[in-house]
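Next, two complexes with subunit A in common: one pairs it with subunit B, the other with subunit C.
Here is the complex of A and B:
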């Protein structure tokens, strides 16, 4: 039986040659690569996926990859499409989707630029969102040792009550 | 009858009823709302929350402070008229509390603001805050 999920997935597979699966009812996971991002986003937006609920990054330290996840919701089909894209961890850069989803993409991209250092090409404003006077590497990267940072920045080994943090 | 110096008397007049300005981050505020409510009603002691730090005698700081919010807290403190008292509530202001290893919270409030008194607890009980406010009157003499 062809449900709307399988229809959509088949359409995407034939059009963009991507991998994907139906995770469960009304949830579709699609893996793609950064070159197809803009094309797919435009197509999905026109197809009714007007709501970009979130962009998130997963840091796969051993693989050396960042995995960007775009969660898209359609009010007509009532389907959540999850776009997954892997990019290199060293100089993470990807096209910005702000021309497509405007402000709802802007705030997420700004946050991810701050916390993971992902460069969104074409985003006009990637200024810091939460952090002020931050000069280190982005704090949400897995190789950022925040305990070490806290020890240098805030604690004192000589202080009696703070010695325990150095054991 | 306790003998008080002239200066202490003037100071005591200034802090007769404690007017509070709240600088509450995170759970600090929600945990101390009972103080305003009918059960512990702080207004019976003349303690009220004022809208501007320029009217306040006491600055309550509760919850963890971030490097970003501490700058604003300093500006609030600078606007207060003398004599001023800073009371830090909760374990977060003392040691960072449960955020002791967070890169984004400050650990010792006294490094940034002259803290008059710490009230420990996570969160402190309303009774502890009343006790601290009582002590403010005792310590008024020591204030500059």
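Here is the complex of A and C:
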């Protein structure tokens, strides 16, 4: 049976030559690459996906990739489309979707820039958001060991009560 | 010497820090630039409550995370319990017992009511109506008593809504007590609805957020509904048992502070209606899926990813959970509604506002720094 979801997915598959699946009702997951991001985003926005629910990064350490996910919601169709894009983990950079989803995209990208170090090309403001005077590597990367960081910054090996943290 | 000094600024321009030490701001600050009485620009200053939940959850099992998810929002921990539990349920394919679903909805709606009461309280305080603040916190205590009786914790339920269902069934007499508390809530709503010319003067026509701006800035929930857009995750994408319940989604066209304030009151009425219905139809049976009965059981989360959306009191909340097949989530992205409300929306609304309107606009967004900073 042709549902809204299958129609939309077929349309995306034929138009952009992308891979995707319907997870369940109202959930479509599409894998694409960074070259198609802007084109697909523009098309989806025009098709009613006006609400950018979230942008997220998953750090696949072993693969050496960052996976960016853009979660888009359409108030008309009531479908959530997720665009998944893999980029290299070294010097990660991708085009900003700020021109398309404006401020709501801007703030998500600013957060991810701080926590994962992804550079969003074209985002006007990527200044630090939560962390103050942070000079280390972005803290949400999988290879950032926060236990080590806490030991270095806040505990004292000589202190009787705190040396348990070093065992 | 004198010409080496910095030029004297125009004496009507100055910087004002609203928060983080302001009594009404919460753990959050806004840096305002002011010219005379007008705010010329506002810059949010978040981070005072940043605890890195997304990272912490990668180091813990789902049952530990259920407890951690309380702390995502101080004012409505049960709703955040629920969304975390749903994400794990979906990933693991757990069939939640019917009775547990009803209990989850009852608790989530009670939590929404008490959160909206706080909203009313702090909004009153922000606009100079101190009695409203005290009234609100007094009435909220009735619900906290209920929470203590059912979950064991007054404010934080310690993961009462956990993956697989809820931790324990309602104790004896819970139903009658809930109904009694709901009567008290009706009383509270009557008080909230009393005519208040001072409030009208402070709220009407202030902080106008047009619907197209609201969508552009990422507003959801009561803020978006106050701008005239009829949308609610509970209706658009029913989770738990919301598709079986009969309730309205309040919408107002005025788009100002007053509209958002009234949405809060309307939503409380709807929540009361939902709780009554759910209590009426509450089925008998188990409250936790049998394979998860012992909280210390080691669970493996199957490989996969889910994106779960919920309507919490403040708007659209979402959890994006990825698992690589281990016992801990590989990545858990949390989308708090206030991340958008407190940064882009607030900055936009404050720009050009009168300085006296800042608290009214600020609190009309029903803000909670905890789920913004996470």
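One rule holds in what follows: the second predicted complex is superposed on the first by the 167 of 167 C-alpha atoms of A that agree within 3 Å, B and C clash if a C-alpha of one lies under 4 Å from a C-alpha of the other, contacts with A are read in each partner's own complex, and residues count from 1 in each chain.
Everything below uses one rule, namely that contacts are C-beta pairs under 8 Å (C-beta built on N, C-alpha and C of every residue); 3 or more make two chains touch, one makes a residue touch a chain.
No experiment lies behind these values; they were computed from the predicted model shown.
Visitor: Superpose on subunit A as described above, then tell me if subunit B and subunit C fit or clash.
Guide: Aligned through their shared chain, the two binders fit side by side on subunit A.
Visitor: Which holds for A:154: it touches subunit B only (first), subunit C only (second), both, or neither?
Guide: first
Visitor: Going by the contact rule set out at the top, does A:103 touch subunit B (first), subunit C (second), both, or neither?
Guide: The second partner, subunit C, only.
Visitor: Touching A:93, do we find subunit B (first), subunit C (second), both, or neither?
Guide: neither
Visitor: In the overlay, work out which of subunit B or subunit C sits against more residues of subunit A.
Guide: Ranking subunit B and subunit C by residues of subunit A touched puts C first.
Visitor: Check the residue A:146 against both partner chains and state whether it touches subunit B (first), subunit C (second), both, or neither.
Guide: So A:146 meets both subunit B and subunit C here.
Visitor: With the C-alpha centre of subunit A at the apex, what angle separates the C-alpha centres of subunit B and subunit C, reported to the nearest 10°?
Guide: So the angle at the centre of subunit A is 40 degrees.
Visitor: Who does A:27 touch here: subunit B (first), subunit C (second), both, or neither?
Guide: In the superposition, A:27 contacts subunit C only.
Visitor: So in the superposed three-chain picture, is A:130 touching just subunit B, just subunit C, both, or none of them (first/second/both/neither)?
Guide: Both partners, subunit B and subunit C.
Visitor: Considering only touches as defined above, state whether A:59 meets subunit B (first), subunit C (second), both or neither.
Guide: second
Visitor: Compute the least Cα distance separating subunit B from subunit C in the superposition and give it as a whole number of Å.
Guide: It comes out at 5 Å between the closest C-alpha atoms.
Visitor: Across the two complexes, find the residues of subunit A that touch subunit B and also touch subunit C.
Guide: 130-132, 139, 146.
Visitor: Would you mind writing out the residues of subunit B in touch with subunit A in their complex?
Guide: 67-68, 71, 95-96, 100-104, 106-108
Visitor: Note which residues of subunit C are touching subunit A in the complex, please.
Guide: Contact set of subunit C toward subunit A: 46-47, 50, 52, 54-55, 215-218, 220, 229, 231, 236-237, 305-307, 309, 316, 318, 320, 322, 330-331, 333, 335, 339-340, 343-344, 348, 373.
Visitor: For the complex, which residues does subunit A have touching subunit B?
Guide: Per the stated touch rule, the residues are 130-133, 139, 146-147, 149-150, 153-155, 161, 165.
Visitor: In their shared complex, at which residues does subunit A touch subunit C?
Guide: The contact residues of subunit A facing subunit C are 23, 26-27, 29, 50-54, 56, 58-59, 69, 71, 73, 75, 78, 80, 82, 101-104, 106-107, 111, 115, 129-132, 139-140, 146.
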